[in-house]
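Down below are the structures I want you to see.
Next come two complexes, and both contain chain A; in the first it sits with chain B, in the second with chain C.
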Partner chain A sequence: MSLRAYRSITLRIGLALVLLLVLSALCAGLLAPCDPLRVDVASVMAPPSLAHPFGTDYLGRDVLSRVLYGGRISLTVGVLAVIISGLAGTLVGALAGFAGGWVDEVLMRLTDIVLAFPTALLALAVMAIFENPTVGKIFIVLGLVGWANIARLVRAEVLAVKERDFVTAARSVGVSPLGIVIRHILPNTLGTLTVALTLGVAGNILTEAWLSFLGLGAQPPLPSWGAMITEGQYFLTTRPWVCIFPGLAILLTVLGFNMLGDGLRDVLDPRLNPRGRR
Partner chain B sequence: MSADSKPLVECRGLVKTFRLPALAAGPGSREFRAVDGLSLAVYPGETLALVGESGCGKSTTGRLLLRLEKPSAGTVTFEGRDLAALSAARLRTQRSRMQMIFQDPYGSLNPRLTVGAALAEPLRIHWRLSGKSLRERIAGLLENVGLRPEHARRYPHEFSGGQRQRIAIARAVSVNPGFVVADEPVSSLDISIQGQILKLLIELKKSLGMAMLFISHDLAVVRQISDRVAVMYRGRLVELAPAGELFSRPLHPYTRLLLSCVLAPRPGRKGAPPDIRSPEATGYRGFGCSFAGRCPLEIAACTRETPELRELYPDHYAACLVAGGKPLPDISR
Partner chain C sequence: MLYFILRRLLALLPVLWGIATIVFALMYVVPGDPARLMAGQNASAETIELIRVRLGLDRPVHERYWIFLKNLARGELGYSYRQRRPVAGVILERFPATLELALAAVLIALVLGVGAGVLAARFHGSWPDYGVMALSLLGISTPVFWLGLMLIVVFSVWLGWLPVGGYGESGEMRYLILPALSLSAISTGYFSRITRSSFLEVLRGDFILAARARGIPERRILGRHALRNAAVPLVTVVGTNLAGLLGGAVATETVFAWPGIGRAIYDAILLRDLPVVEGGVIFLAFIFVVANLAIDLLYLWIDPRVRLPGFSGAGGEP
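Now for the complex of A and B:
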């Protein structure tokens, strides 16, 4: 893996971006010049300066600090949602692919129903059911929406791996069906799954951003990137920094995760790999 | 093998049909009979070779005998027990007595398991080994197949094709099965490696006293390893005889055709090439000899009557109306 990993420029850029974002979110407390929630009436809508490198918003809060802390929310939501949808999707997909027959039929039709709804509509509907939307609820919603894609993917992979000789060999050795799925089939779908989950993080961050933009995600005064753009949209032509910096943060994060996912695909996809090299 | 000893594995009237996708089937039958009424017995300790061209149903037969696939009709018995009657759990226990070696050593080993973990699987399941006794058994197995004990820690991709096949063989013999199906175990290997693997199989078979169904299309290989040879054509047995007998006195025209392909080492030589008329579509007619239409000895009865296996010489069976110098009278003319 090491050689190919180094050769893939996409993977390197993606990895660098993601690492940079994760580090800056983790160290937000050290890097941020101000408290992201501190209101400073003296410098409302101040343009970028030495004291406020990204300027301040309509309450005089430091945009740089808010972008840094906002990263925490975005990354947490993205990753947690992917864990939920990854677990649920893998369970459903593996069951459908391995069991086949009516189990497969029922589970896949259920998946189709979830996929048939536009993601946006489904997320909006579920978020609207909650009386007061909070950050904690977003990743549950995203997980509920996201599992269907993972389930389809895992099912397809399981169907392919199931036909390989080493699975027949495991059966002929006397391994139980559960053992075959856990020890022989699922580990061989990890490459594809990793790629899908990485791309899923990017998608989730984007969804969280627009849910917050529409007021259904993180509530003020929490510094979520989507919510920050909402707050800044009325001043876009006159005080663009309030919107531009959180927007750039979303752009870089999504770009980073997408490049990481694409790079991982190049490295992990066995079809692009010569036989036997991983 | 002598007729009075009891068969270890026996199948009767085995049929396996596969449903073809609508487009591939063409007009007529949507079903393809890979195995068509096959009856065969393997006796303890013998090597029975199953030969035939690709697509004739050899591999399917091997999988049916191990019940890795369910037959559409017919029965398979192992040591007198009907495998279809066993529960899933009992069948898994039974699997310690019957194992398989696959053609492609790149596909038959899980790339995510170390060699040691792959070998440990049958030993844990059937012998309930663990800890030191497990490690010792794995080391012993690796040495038996010509590898080193420390290879247990490596992954399959660190080995060559021949070495991988040795690992697959070690896994198959790990719990001392009485019966092994070897599905073209050397045909994906280099010629130079083939000999080594064959030698290993012969040695192991001798020391462990197991019976083997050796599936192959390579008659030169079959000649080295088998006690008896069964020739398959389009899902049916056309000839069954002790190895020496079959090679010196092939009776069925299809067997002769196969042998003539092997025994002509000088391709530039003059002389009529074997008369191979291209086979027609593989639709199942339900009657008549399946080789009719391709057979140089064909008589009118061949397209109407289904030839059964007949014992033309002691222990030498052939399914042909014409072979053996005893053609049946042609009633139609």
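Now for the complex of A and C:
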């Protein structure tokens, strides 16, 4: 890490938050005091205590354990969806930028159409047709609706790099077009792409929580943060903890990825920040 | 100028067609028989067949697609299975409430966001700046529906100041405050960030230096000279943010039992009344597209450079 990276407080806090959340989701089995699915009729809706630090829900399930396991769902959906949109977007963007001509025209018009559609609503429209929505469907749908802005970013980068001398040099010594794209052009887009994908994880986690809250995501009894809030809202006035903690978990996770993305942008793309960091 | 408007209107058509086609494709692949769903459990085979013919479900795909597009052009969005009336009626009935909520949220976000952004730029590098930046990061990271629930806990349950939800007798203001506040959070965050950064950009311009040299008070420099120039990126963000706002409306209206399109979509999800879900989404997407067109036209007024014939599109990547 460069000195600039070290100096970026945003990056450090974001990285710390993301690492913390990834670790706690990975080690949910070790950290969670209870089985997230275990129903305990003896302690239904118990307020936070030593035995249940985040309290229990309407089935007596431990909220802390459910929040920890819920992290696995949110992070998996967020990351896998971003991988899908990253791959699809890079493919479309690189093809459009490198091929140019009518290929570019057609692909970019298509991209414009998708970009003009509010993506979260598109995801909702797609998820609504499934009779039993699952986590797997969510990340595929989110991945497939999220590629357009990646495609546009990659295309812009490809266009910017395409005419540079080292690409001309590679072409003149007979490197194939595919080779040029993979070896010379794409590595130059990595900085922009990393930032966009990191911010994409934040957006996807937020959208997944929103869809699950609306009942279009992970189904009960799976401990998805959004669905936990749906279940908790009926007891909001008297037992707010069932809602508070999953929501805080969403907030912290999204905040972490947003800060990581912002920080990475400061470090990787100094052009966007001409004033420099103080 | 007329050319610009005409070109933007023409560019709208493929987008609207794309949206319609995606939604038609979704409705076509939907599992389950809509006619059976609509007829109810005890309906005879003849009744189901009759409904199927009336809905046009017995025709081949391309015919159904064509009918769908023709109906859409006439403003018909299909037929609600559960409410047994045209979806367009359901949507139009709910639209005023959603519009009211969305406008209130945008207004709150503009006042708070621009105010905070200007404050941050004015005190760049000191604690008001850091405070605003931290708050705006929190704002854009908050799940809207959860924020709504938390506002209910604090202002309705603990303090008892505002109602838990609903629309009130005749749309009283106090019913609007909490939903609009929670819906505005994300936009407020984005608006303050963009205002801050474009202000910092503008404040480094020569004309600001010139204005300062002429002894124009700082307040007027910020309010008159800088604000107008910083408005262009802000207006772009207002447009792109509308997507999040309309999506957020579905969640907010659900939490606060606000009788808008979002709530209608949510209720329809629970009842598996797909025409209302898809019709609602088409309508919201349509609002989004049209609002962004309006915003593009707004540039003509804010930014004279757009009126030049060679200028291709407004805003875009930095």
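Throughout what follows, the second predicted complex is superposed on the first by the 269 of 278 C-alpha atoms of A that agree within 3 Å, B and C clash if a C-alpha of one lies under 4 Å from a C-alpha of the other, contacts with A are read in each partner's own complex, and residues count from 1 in each chain.
In this section, contacts are C-beta pairs under 8 Å (C-beta built on N, C-alpha and C of every residue); 3 or more make two chains touch, one makes a residue touch a chain.
All of these numbers come straight from a predicted model, not from anything done at the bench.
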Combined model on chain A: chain C and chain B, fit or clash: fit
A:Leu64 touches, of chain B and chain C: first, second, both or neither? neither
Partner chain in contact with A:Val154 - chain B first, chain C second, else both or neither: neither
Touched partner set for A:Ile138, first chain B, second chain C, both or neither: neither
Chain B versus chain C as contact partner of A:Gln233, first or second or both or neither: second
Which superposed partner A:Ala209 touches (first chain B, second chain C, both, neither): second
If touched residues of chain A are counted for chain B and for chain C, the larger one: C
Chain B versus chain C as contact partner of A:Pro118, first or second or both or neither: second
First, second, both or neither for A:Leu21, with chain B first and chain C second: neither
Smallest separation of CA atoms, chain C relative to chain B, angstrom: 6
Where chain A meets both chain C and chain B, residue numbers: 275, 278
For the chain B and chain A complex, residues of the former touching the latter: 63, 66, 68, 92-93, 95-96, 98-100, 102, 104, 106-113, 121-122, 125-126, 156-157, 168, 171
Touching residues on chain A, where the partner in the complex is chain C: 109-110, 112-114, 116-122, 124-126, 128-131, 152-153, 156, 202, 206-207, 209-210, 213-216, 226, 229, 233, 236-237, 240, 243-244, 246-247, 250-251, 254-255, 258-259, 262, 272, 275, 278
Interfacial residue positions of chain A with respect to chain B in the complex: 164-166, 168-176, 183-184, 187-188, 190, 275-278
In the complex, chain C residues that touch chain A: 14-15, 18-19, 22-23, 26-27, 29-32, 125, 137-138, 140-147, 149-150, 152-153, 157, 164, 200, 242-244, 246-247, 250-251, 254-255, 265-266, 269-270, 272, 274, 277-278, 281, 284-285, 288-289, 292, 317-318
